[in-house]
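Chain naming follows the written order as A, B and C, and within any one chain the residues start at number 1.
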Amino acid sequence: MTSATAARPESLRVNNQVLLALAVVAALAVALCGFVTLAPNRLVSGKPVALWQAAPSSGPVIIALVLALAGLALAPPIRALHRFAAMLAAMLIVVALYAAGGAAQRLGAGMSALARVSLGAGFWVVIAAAALIVVDGLQRAAAGPLERVAFALAIVAALAGLAASGALDALSLVHEYNNRQGGFSAAVIRHIELVAGSVLPAIAVGVPLGLLSIRRERSRGPIFVTLNLLQTIPSIALFGLLIAPLAALGLGGVGPLPALIALTLYALLPVARSTAAGLGGIDATIADAARGMGMTGRQILWRVEVPLAAPVLLAGLRIVVVQAIGLTVVAALIGAGGLGSFVFEGLGQDAADLVLLGALPAILLALAADFLLQLLAASVRR
Amino acid sequence: MIEIDRVRKTYDGRTVVDDLSLTVPDGAFCVFLGPSGCGKSTTLRMINRLVTTDSGTIRVDGEDIASLPEAALRRRIGYAIQSTGLFPHWRVEDNIATVPRLLGWPRGRIADRVTELLELFRLAPETYRRKYPHELSGGEQQRVGVARALAADPALLLMDEPFAAVDPITRDALQAELARIHKSTGKTIVFVTHDIDEALRLATDIAILNRGRVAQFATPQDLLENPASDFVRDFVGTQGIGLKLLSVRKVRERMRPGETAEGAPISADAPLRDALSLMTVRAAALLPVADESGRVVGTIALSDLVR
Amino acid sequence: MPRSVAPHPEERSQRARFEGRAAPLQFLTTPALWVAILFVALLVTMPDTGPIFHWAFPQVEPPVYQRGTFVALFLSHAGIVGVASLAATFTGIVAAIFVTRPAGRDFRSIIDALATIGQTFPPAAVLALAVPAIGFGPLPTVVALYLYGLLPIVQNAVAGIETVPPAVRDAAAGMGMSPLQILARVELPLAAPVILAGIRVAVTIGIGTATIGSTVGALTLGTPIFDGIGGNKIPLVLQGAALVALFAIVTDLMFARLEDRLRPSSAR
């Protein structure tokens, strides 16, 4: 009798290898790395402190959650259980942050006011692993966009609540934020201004370019070769190349202007390309039928072609915005302001918290924009 | 000889091959015929272990295929599929040379074999060997696909609806070529199709499958004359059965030996349908019959066709 | 800096047409060659352009970046990008192979999610975050480039392997190729153009991010730029910027040629 692979005993089957792997990684991080780091002052680098030393009360909760997640990896692949794993992981994120905040309070209490308690490698790995488990769990549960939004909002709300309640105030990162509060909000606003100030003009110029490339076959080559060429130039180089002519024109070399021009130029390619792909990818017979029904060119464009091309256009918008957020970080180097200013100031002073103060919000901004635009695209697709 | 012994295959609770047993004789052109989902492709792919049986055994020339390493087994068996699966990044000569290279043939021998096969399939070797698959027409691709399957000169050839995706004219030509090759090489061919006419034309033995079981395993003639069940009868089709019978029966079976008639003779191995066609064209009710050498050995009359 | 995956296929062929086909004598007319020559010429002769910069910006002294040769900066820059890209290519392809085998199928969707999420991270932020963990110098730059380059390579390698037509895979298995042979002789060669496109994205972004690496202690063609910005010496900024831009363009053009070379033999 030929038989296929021998069946393993049901109870020992690892049904979710990803979950197990991530849970193991989290466990190892907790065991081997410092959950937080403790430094007597700003100049000395911190010493790692393990979880059980740092947070004796919340630590066991974290470990319990990690073990529960590992156990769930052996569970049968039922959607509800995948959701449950995602929920446990979301809880883990919140508890980990709470534990870190509590650890900062505990450890900092006995030391001078200059002492710093920072988030350690263990914390970051746990957070990252937990976030991935949430993503994986929701994917396996085939969660719809509404459910994903609900999860995201719940986590954000819980974290915001933690921050508002002051549970995190002892962390060095929060200290840094408190020190720079005014500048921080200004930086965030400037960052968003730069992104909007480059994406909107890019759309105004890029969409017509994209349309031109479809309508006039000859223009297609030169347009896209030029735009591709622009895209290839590293951002700081383009910023730099613009400084000189702008200075010569008396518009001041350093500052937001060269950044805005460069950012707009960078945004042109994704906009033009997705316009061309979206509108160019529509079957010619559709426009033909619309014209046959008596629609004018403008009506065809707005009522037929744009709705059909919407998914591609929105995908392009998503790329453009995320790219712009990233490039704006670099713009701080030429004095344009934005979150990058904290990043590079922190690098200059060897102050990790300052770097984090700039980098984290930039990353979160990009993730949020990506998430929201993804939702927008998904809702339009219906 | 292929012995398929009570094999079974279930996918997600659906039994695709259900306790199926079948023996394919050496040198046969065995067609697995049946509607979609009857398990014919699955059964074929069990022979070269692309599909693992849940239970049951398959023996090729007495050896249990489960006891052989997979790759070694497959290199001994030719395999041609509907979409050809030609490697797009390799030229025709490299595609055909695939199995010989896997077997470690010397380069000279491989090159000769490629030439031989291209000629066999009436593709000018010097023109075609350096072409890429995307430069070939559908029919040419199929020819190369079958040539590739034959490259290492396997005794057994498995073919999964290889001609289903080509136009009828090309299909007719390919069928003729395959029949010719089968006759001259004496290989065992297992051929899957859903086309009853293709089966009747090519097969020495037909296995009609239904829902994972063999509904009937017989020669084409037997299938037409003695269908084993209503299913077989319906599948073969009641329309034009007489004409199908005419295309299956050979002149040799109905001729009158020793007699003579006027006009160019018809081959004794031709189907009765060709005789009818010839009679219609000539407006003659009697034809001379010749053997392979062209010597007249008898006659066939219109009334013999419908005896 | 391009963040998105390789250009639209039609643009690729447009560029191919624009740049000339790969015929023997026409090699001499390809832009890649001439831009490369221009780049190398500028790289070597930049110090000699001092008088020009001095004339345009009389108040800046010295008018040309002095703290090292541009060639040395270029080699360091290329070295950082090269090492990181090679490591990312190797790891990325291995990861993609793992994820497309039965053993790794479970990880397929999370790797995709990871690559998508990771690519929304601003490269500069990734670089900056590497410093507290690793320190200053070229190492955090290499690590950041490696991590960031991994994403498009893995994504493209997975996509490339998965778009091998199932019939081709079936035929390869049916003819008796072992899984390793199928991978090496069929899947990887067919995925090669797409993988190369991913490597191209990784390298292009890498060149840009490495430029910023000068702020964390790496020696690159960006070093003159930052020196110039800090000391308000525009000539230095221009020198660094022009060379970096040319470097990036030359590399991108060369990759484009390479892609075109790989493409004709495996038409889809």
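Descriptive notes on the structure:
As a working rule, a contact is a pair of C-beta atoms (placed from the backbone, for glycine too) under 8 Å apart; a residue touches a chain by one contact, two chains touch by 3 or more.
Predicted model, so just to flag it, every value in this text is computed and none were measured.
Chain C has the Cα centre that lies closest to the mean of all protein Cα atoms in view. The greatest centre-to-centre gap from chain B, using C-alpha centroids, is found for A.
Comparing chain pairs B-C and A-C by the number of C-beta pairs in contact, the larger count belongs to A-C.
Chain B has its Cα centroid 59 Å from the Cα centroid of chain A. Rounded to whole angstrom units, the spacing between the C-alpha centres of chain B and chain C is 53. As a whole-number value, the distance joining the C-alpha centres of chain A and chain C reads 22 Å. The set of chain B residues that touch two or more partner chains is empty.
Chain contact summary for the complex, chain A toward chain C: residues 16-18, 21, 121, 132, 135-136, 139, 220-221, 224-225, 228-229, 231-241, 243-244, 247, 253-254, 266, 269-270, 273, 276-277, 319, 322-323, 325-327, 329-330, 333-334, 340, 343-344, 346-348, 350, 352, 355-356, 358-359, 362-363, 366-367, 369-370.
Contact residues on chain C toward chain A in their complex (touch as defined above): 1-4, 7-8, 10-11, 14-15, 17-18, 106-107, 109-110, 113-114, 117, 119-125, 128-129, 131-133, 136, 204, 207-209, 211-212, 215-216, 222, 225-226, 228-229, 234, 237-238, 240-242, 244-245, 248-249, 252.
Partner chain B is touched in their complex by these residues of chain C: 165, 167-178, 181, 186, 189-190, 265-268. Taken in their complex, chain B has these residues touching chain C: 45, 48, 50, 70-77, 79, 81-89, 98-99, 102, 132, 134, 145, 148-149, 158.
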